[in-house]
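Shared chain: chain A. Partners: chain B in the first complex, chain C in the second.
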Partner chain A sequence: MHHVVLERWSRRASGLHARDARVKLAATLVVLLLIGTTVPSHPLAFAAEFVLLMAALLVSRLPIAGALMRAGAVLPFSAIFALVSWLAGDPAKAAALVIRGYMSALAVLLLVSTTPLPDLLRALSWFHVPRLIILITQFLYRYLFVLSEQAQHMRLAAASRAGGRRAGSGLASRFRAAAGALSVLFARSYARADGIHRAMIARGFSGEFPASALNPVRLMDFLFLGLTISAAVLIRTAA
Partner chain B sequence: MHIPDGFLSTPVWAALDAVSIPAIGLLANRARAEIDEARIPLLGVMGAFVFAAQMINFPVGLGTSGHLVGGALLACLLGPGAAALVMTAILAIQALVFQDGGILALGANLMNMAVAGVIAGYLPYHWLGKTRYRRAGIFAGAFLSLLVSASLALTELLLSGVRMPGPVLGVSAGLFVVSALLEGAITVSVVSAIERLHPSWIGNPVPLRSTAFVLLGVGAVLLGGIGFVFASQSPDGLQSLAERVGIAGQANAIVAGPLADYQMHGLASPVLRRAAAGLAGVLGIWIACLALGRMISRRRAA
Partner chain C sequence: MSRVIEVENLRYRYEDGTQALDGVDFRLEAGECVALLGANGSGKTTFALHLNGLLSGEGRVTVCGLPVDKEHLKEIRRKVGVVFQDSDEQLFMPTVMEDVVFGPLNLGVGLQEAESRARGALEKVGMLTAARKAPYHLSAGEKRRVAIAGVLAVEPEVLVLDEPTTFLDPPGQTDLFRLLSELPQAKLLITHDTVFARALATRAVFFEKGRVAAEGTVDQVLDRFDWNPRFH
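Let's turn to the complex of A and B:
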């Protein structure tokens, strides 16, 4: 599954993995701004931005084809609007929608597949994102794996009991069966949340996850950020 | 409908970031004092539940199926404030981990789904939840929640100059209504199933302690709308809309701030100016959030 693969990728080692999460976050914002403000009439700028992203992908030593494919998840959405724009007589806008959407997704993919999510959240909290939102996101991410696996088990179990394929079972009853499955999933999630909280209290939870301190930003990190910004400025001024 | 990056024009995403990110920050800082610590794991797990719930398919006939979107369900289960925070966490994870929805467009998606979608999902339940039309209230909430989110997203795309001819708009409006009806049906049947399992989990709507939240939401939607009109000076969809409504002239007269036309004077290339203005906008948003957070925590400490 997508998030499991990303989680594994983010634990690898490379020049890009080693950079500080705050610096990578800032660099990603710069690249997103660069891509987002490139106008359709500058195809060379799009090419240069793609080269920049490919360079980062090479440095990250992630599987290139796999990463390019995963960023393509945004394409169905883009394609619909691009098609509509194209039919409405604006082919340049259509191309820009697809290209900008795809390259922005690739930039974010590069960020999350070279930065473990806890580090990323710590960086966000350094940028003063409210603690409550960080905490909820942390819990959500942890139990995302567990609950989606549970949902899959339930789906498998229902399928092996021939749920939904029975002859004579009407749409309404299958609809109600799905609602029942969801309510069971809800009950299990609720019980799990309760259990988690008790376990946390038993271990002396003080309202704060023990966070290892952020490492100081090193010279290499500054160089990386400087390089990204100058590449962005160069592309913007040259194109 | 999660808007990816690269779809919204700079004025639109910047205006929405500037409105909804501080609004959520304000809400989080308020909630932090009010929320019982035991509920924090519950909120996270509920977010994960909404994710997992999308794996369970609801048959709609004709061989197709739909799934729960969940904004209204969360609003009924957790109350609007907490639901908005959970939706924020969901949208953040979707944008970061699943590349579903953009980072620069996060403010727009927050406005559509975490603020407007949750408020639209909660209000009918709040008004009808104690009467005998309770189920109708839940249905209406889920229906409205999806419809409001989707039409806001469509409006933002139109304002950004993504061209959509009349027939396309008609078809998408039809699709929205169908999926909104489906969301209503799913939410009602899931809520009834949960009530059969454990009646106390879904309480009656509590009186809105935070009228401030509703005001904030309504204000944010209004501000967002005004933000569009005032911020964009580019000759795209927004301009033609403003001209049609007849406020373009007034808007041009009013906007004369340093970021007017989203360009900063003193920089040579027009493209560079736009980029610099965008960057300044992001910085401005960040500083505003920071200042707001400081102000609130200081007031609470005093």
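Let's turn to the complex of A and C:
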């Protein structure tokens, strides 16, 4: 079974990986706020923010090209809004939209690829993010792998019955096959959800998840947060 | 020998009208291992789900002298640990350790005590080194072991195992056999695996159309219903 790259990255070791999840979450929010409020007329501020993100990327010891490429996944979405601004005669705003979108994605990517999901969820809980959202995220992430595995098995089964050719000859036939597979996957997901709920009740679940403990924040974590805030203030005041 | 489970005239009908259980009588003594055999759809799993109150039918079910009703559900779920057929449904927490402490914490055990129990249970099943791992990184055999640890951490008096050898390769089945042989709890094995049932169970109960059709030693029951697979 293939696991997502970010999951593997998040289990590595580096100066950034070692920082407390709450501190990294707070630092990411500071950087997102900085990026989101940088005005299009200050390209040097964008450059400084990019340098800040690159410094964090270097400290994280993640593959630089891979991380930069993955952050680009957000570009098709921000490009649509940028195009609207461009057509409205505001190319500076269009460029800022693309840059902001890309750098925000890079900041979030740095957070999720240096923090294992359980730690990140605990940090979100510490910041009083609604429990329901955390639970949904947790279950979605946990069972995404299981569903993806089921989908892969179904795809293999379909391919094995197609005798080396694509199942069905026309587009309509392929569409029907895909729709059928999707409905089976949905039905299985539903049955699995039922099974999970039953397994939870069997172990005494009564609607409330037990809280888990967090490690204390260390001096290095405070220093990291202080450094991030100082850099953000410096960029903002210098721009 | 004290009786840990006693069932009298249990009946259960699903919403679609299927009569899954039609007057089941059953008993399980402390330390005993009983194999629950029978065809698919004969009511074995439905029956097991009544033992810790996941389903509730007509009739009488008592666990360690306590009736399985709303008033005693918490205590019943501490006494009866169910290991489900699909471990992926049982391991829903982000890490192995969090999953194993889930049961004790739900039953009101403090975090330190729950973690201590979880470490003990994981050590017992040989999975302590995987405590920080995510469940989806484990093999089928490892998942099964962690699922059993999650149930053992609650310190149950009865273990109900639904098709425990499913997805396990022969070495995995051997490991599971050794593990279960060493556990002192009373065990109810719902299985189609006749080799495994023969090796582990001291008694067998055969279900047919929601009723107990026969009981005796595993060999007696298998022979009576010609339940031994033949490949030639």
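Assume the second predicted complex is superposed on the first by the 198 of 239 C-alpha atoms of A that agree within 3 Å, B and C clash if a C-alpha of one lies under 4 Å from a C-alpha of the other, contacts with A are read in each partner's own complex, and residues count from 1 in each chain.
The rule is short, and it goes like this: a residue touches a chain if its C-beta (ideal position, glycine included) is under 8 Å from a C-beta of that chain, and two chains touch if they have at least 3 such contacts.
Keep in mind that this is a model prediction, so the values were computed, not measured.
> What is the contact status of A:Ala187 with respect to chain B (first) and chain C (second): first, second, both, or neither?
Only chain B; A:Ala187 stays clear of chain C.
> After lining up the shared chain so the two structures overlap, which partner does A:Ala178 touch, if you call chain B first and chain C second: first, second, both or neither?
After superposition on chain A, A:Ala178 lies in contact with chain B alone.
> Is it chain B or chain C that touches the larger share of residues in chain A?
B
> Which holds for A:Ser104: it touches chain B only (first), chain C only (second), both, or neither?
first
> Once chain A of both complexes is superposed, is A:Leu117 in touch with chain B (first), chain C (second), both, or neither?
Both partners.
> Is A:Arg203 touching anything from chain B or chain C once the two structures are fitted on A? First, second, both or neither.
It touches chain C, and chain B stays clear.
> Please work out whether A:Leu33 is in contact with chain B alone, chain C alone, both, or neither, and reply first, second, both or neither.
The answer is first: A:Leu33 touches chain B but not chain C.
> Would you check which partner chain A:Arg236 touches, where first means chain B only, second means chain C only, and both and neither mean what they say?
In the superposed model, A:Arg236 contacts chain B only, not chain C.
> If you lay the two complexes on top of each other, which residues of chain A touch chain B in one and chain C in the other?
3, 117, 138-139, 141-143, 146, 192, 196, 200
> Hey, which residues of chain B end up touching chain A in the complex?
For this pair, the touching residues of chain B are 2, 4-7, 10, 13, 24-25, 28-29, 31-32, 35, 37-38, 40-49, 51-53, 55-61, 68, 85-86, 88-90, 92-93, 95-100, 102-104, 157, 161-165, 168, 185-186, 189-190, 192-194, 196-198, 201, 269, 271-272, 274-275, 278-279, 282, 286, 289-290, 293.
> Over in the complex, which chain A residues touch chain B? Could you list them?
2-3, 6, 28-30, 32-37, 39, 42, 70-71, 73-74, 77-78, 81, 84-85, 87-90, 93, 96-97, 99-101, 103-105, 108-109, 111-112, 117, 120, 127-133, 135-144, 146-148, 150-152, 154-155, 164, 171, 174-176, 178-187, 189-190, 192-194, 196-197, 200, 207, 233, 236-237, 239
> Can you list the chain A residues touching chain C in their complex?
Spelled out, the residues of chain A in touch with chain C are 1, 3, 7, 116-118, 121, 138-139, 141-143, 145-146, 192, 195-196, 198-206, 210, 212-213.
> Hey, which residues of chain C end up touching chain A in the complex?
49, 52, 54, 74, 77-78, 81-82, 84, 86, 88-90, 92-95, 98, 101-103, 105-107, 111, 114, 134-137, 150-151, 154
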